[in-house]
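Both of the next two complexes hold chain A, though its partner changes from chain B to chain C.
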Partner chain A sequence: MTSFLIEATDMTPGIKFLPEKLEFEISGESRPENVRKFYEPVLEWLESYKNHLLTAKPNHAEKLIFKFKFQYFNSTSAKFLTSIIGKLDSIKEEIMPVEIEWYYDDPDIDMKNSGEEFSKMFSVPFRFFSTPNM
Partner chain B sequence: MNDEFVYDILQVMERNNVLLAFTGEFDIRVVNALVNSARGKLSSTESNLSVQKKVYNVMVESLESIMRQSAVIEEQAGTTPPFSIFTLHKKGNDYYLVTGNYIQTQRVDDIKNLIDKINTLDKEGQKKMYREILANEEFSEKESAALGMIDIAIKSESRMQYDFKKIDKDHAFYVFQVRIHNNYTYSKN
Partner chain C sequence: MKLQPFISPATESTPHVIFDPEKNIFEMKGESRPENAKAFYDPLIEWIKSFCAATLEQNDHSARLFFTIHFEYFSSSSAKYLMNIFGRLEELHNNNIPVEIRWLYTEIDLEMKESGEEFQKLLTLPFRFEVLIE
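Now for the complex of A and B:
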């Protein structure tokens, strides 16, 4: 399974999916001009990755860590983040352990709250990390 | 040359402590310029990072809402809608964000009902509504607008205000105001 990489811009987040290392990260700012156009390939990649895992049957001792490191995301992006987390939730239910790491700038309580709202919607475990200078 | 009005506008803006104002067509370039300008201005004048972020969040959602509504008018009428307006001003320590834009008359009740509903909910009720919209498979223009509005309510932690001025039988001018409280007493300037 090949990696999936997108460079961050002022309006779109950076995406770094390295399946061989089990490292997954979305970071930065998310208010794309066309949110669907930006996130659909991300969701398609995750769906292919899930299918890959179903056939590869990974070792259950391994854990998939998915990091969200947002400075900002708009409400339309939140809709697509819900789909991404839903996909991770289904991998956790059907294939292997998954954990979400949710990073937020130390005083940005709204970003922490947003992560908490997502965590209430799914069973995949969330860990929260405050960072002084993200 | 009658240039008094420019000075008058500036005086009104200074009296009302306006930090940022724009009138014109709201497209993605304008929105980017405004949010980048606000980010720069807030980082130099507002020492409370949490408030900086709140103002930024509410501003992006409000400007995107104007863009969405203008796009609907443009699509239906086939022409660019008249200018919209955005202002960010400060009263005491609190920030006020006010927008004004033309909408279709048929949308007035939807917007009123949405804001009234959100304003009556407590914080937990608003969060529940937010989660319900996110969980819903459907994501139409209406749900997208509702999600933006509920996000503004949650981040601003205040009741949103609105007013509608009838323009003609098909159009109204919609004024929206939201306050971002700043309980932090120290500021850099």
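Now for the complex of A and C:
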């Protein structure tokens, strides 16, 4: 599977999916004008990645680490993040260990709370990291 | 093969569940605090998976599917399974199959309304809230 990379803009997050390294990261701001248009290719990529994993049957000792490093996301973006986390949840249930790392700027408790809301809704484990000036 | 209805009578710790596609009845009602949430919800989720796969295959857009949810209480581990169910129904919605959650709560139980709103915030699946006056 080839990598999936999108440069961050003022309105849309940077996407860095490196399947060879099992490293996945979404970072920055998410307030796209057309949220569906931005996130649909991301979800489609994850779906084909899941299908790839199903046939590749990865080693269970390996763990997929997915990092969320948001400064901000709007409420419509949240619904698409739910779909992304849902896919990760299903990879964890069906294929291999997955862990979500949720980063938030040190004083940004709202961003931490948003991550905690997601973690309550899914069985995939979350780890929280506060970072000064992410 | 036709999908058999899924029926599980209420107990003190588990909700009453009827999923009957033939009659277009989909209901969960009561308490959800199973001692072993996985044991209770796994068969239910298996059923939902088969139902969603069959519904996508039939691709019938004419009938609107109403999932009526009326909890007096659900535990935090139950919430993760509910999210899993809603995520699967959202797939139908994303494929233009009309599906809607009817989230019922009693007049005095505003917390249950808020719990429904938490799900609604995280999903594109449509929610309709109905208050029951007792």
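Just so we're on the same page, the second predicted complex is superposed on the first by the 134 of 134 C-alpha atoms of A that agree within 3 Å, B and C clash if a C-alpha of one lies under 4 Å from a C-alpha of the other, contacts with A are read in each partner's own complex, and residues count from 1 in each chain.
As a convention for this text, a residue touches a chain if its C-beta (ideal position, glycine included) is under 8 Å from a C-beta of that chain, and two chains touch if they have at least 3 such contacts.
Because the structure is predicted, anything quoted here is derived from the model rather than measured.
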Mind checking the superposed model to see whether chain B and chain C fit together on chain A or clash? clash
Check the residue A:E101 against both partner chains and state whether it touches chain B (first), chain C (second), both, or neither. neither
Looking only at contacts as defined up top, I'd like to know whether chain B or chain C touches more of chain A. B
Once the shared chain is lined up, is A:S75 touching chain B (first), chain C (second), both, or neither of them? both
Considering only the touch criterion stated at the top, classify A:E23 as touching first (chain B), second (chain C), both, or neither. neither
Using the touch definition from the top, say if A:S123 reaches chain B (first), chain C (second), both or neither. second
Please indicate which partner A:E33 is in contact with in the superposed arrangement: first for chain B, second for chain C, both, or neither. first
Does chain B (first) or chain C (second) touch A:D89, or do both, or does neither? second
Both partners, chain B and chain C, contact chain A at residues 75, 78-79, 82, 117, 120-121
The chain C residues in contact with chain A across the complex are 76, 79-80, 83-84, 87, 90, 118-119, 121-124
Partner chain A, residues of chain B touching it in the complex: 28, 32, 36, 48-50, 53-54, 56-57, 60-61, 64, 127, 130-131, 133-135, 139, 144, 147-148, 150-151, 154-155
Contact footprint of chain B on chain A as seen in their complex: 10-11, 31, 33, 72, 74-76, 78-79, 82, 105-111, 113, 117, 120-121
Note: in the complex, chain A contacts chain C through residues 75, 78-79, 82-83, 86, 89, 117-118, 120-123
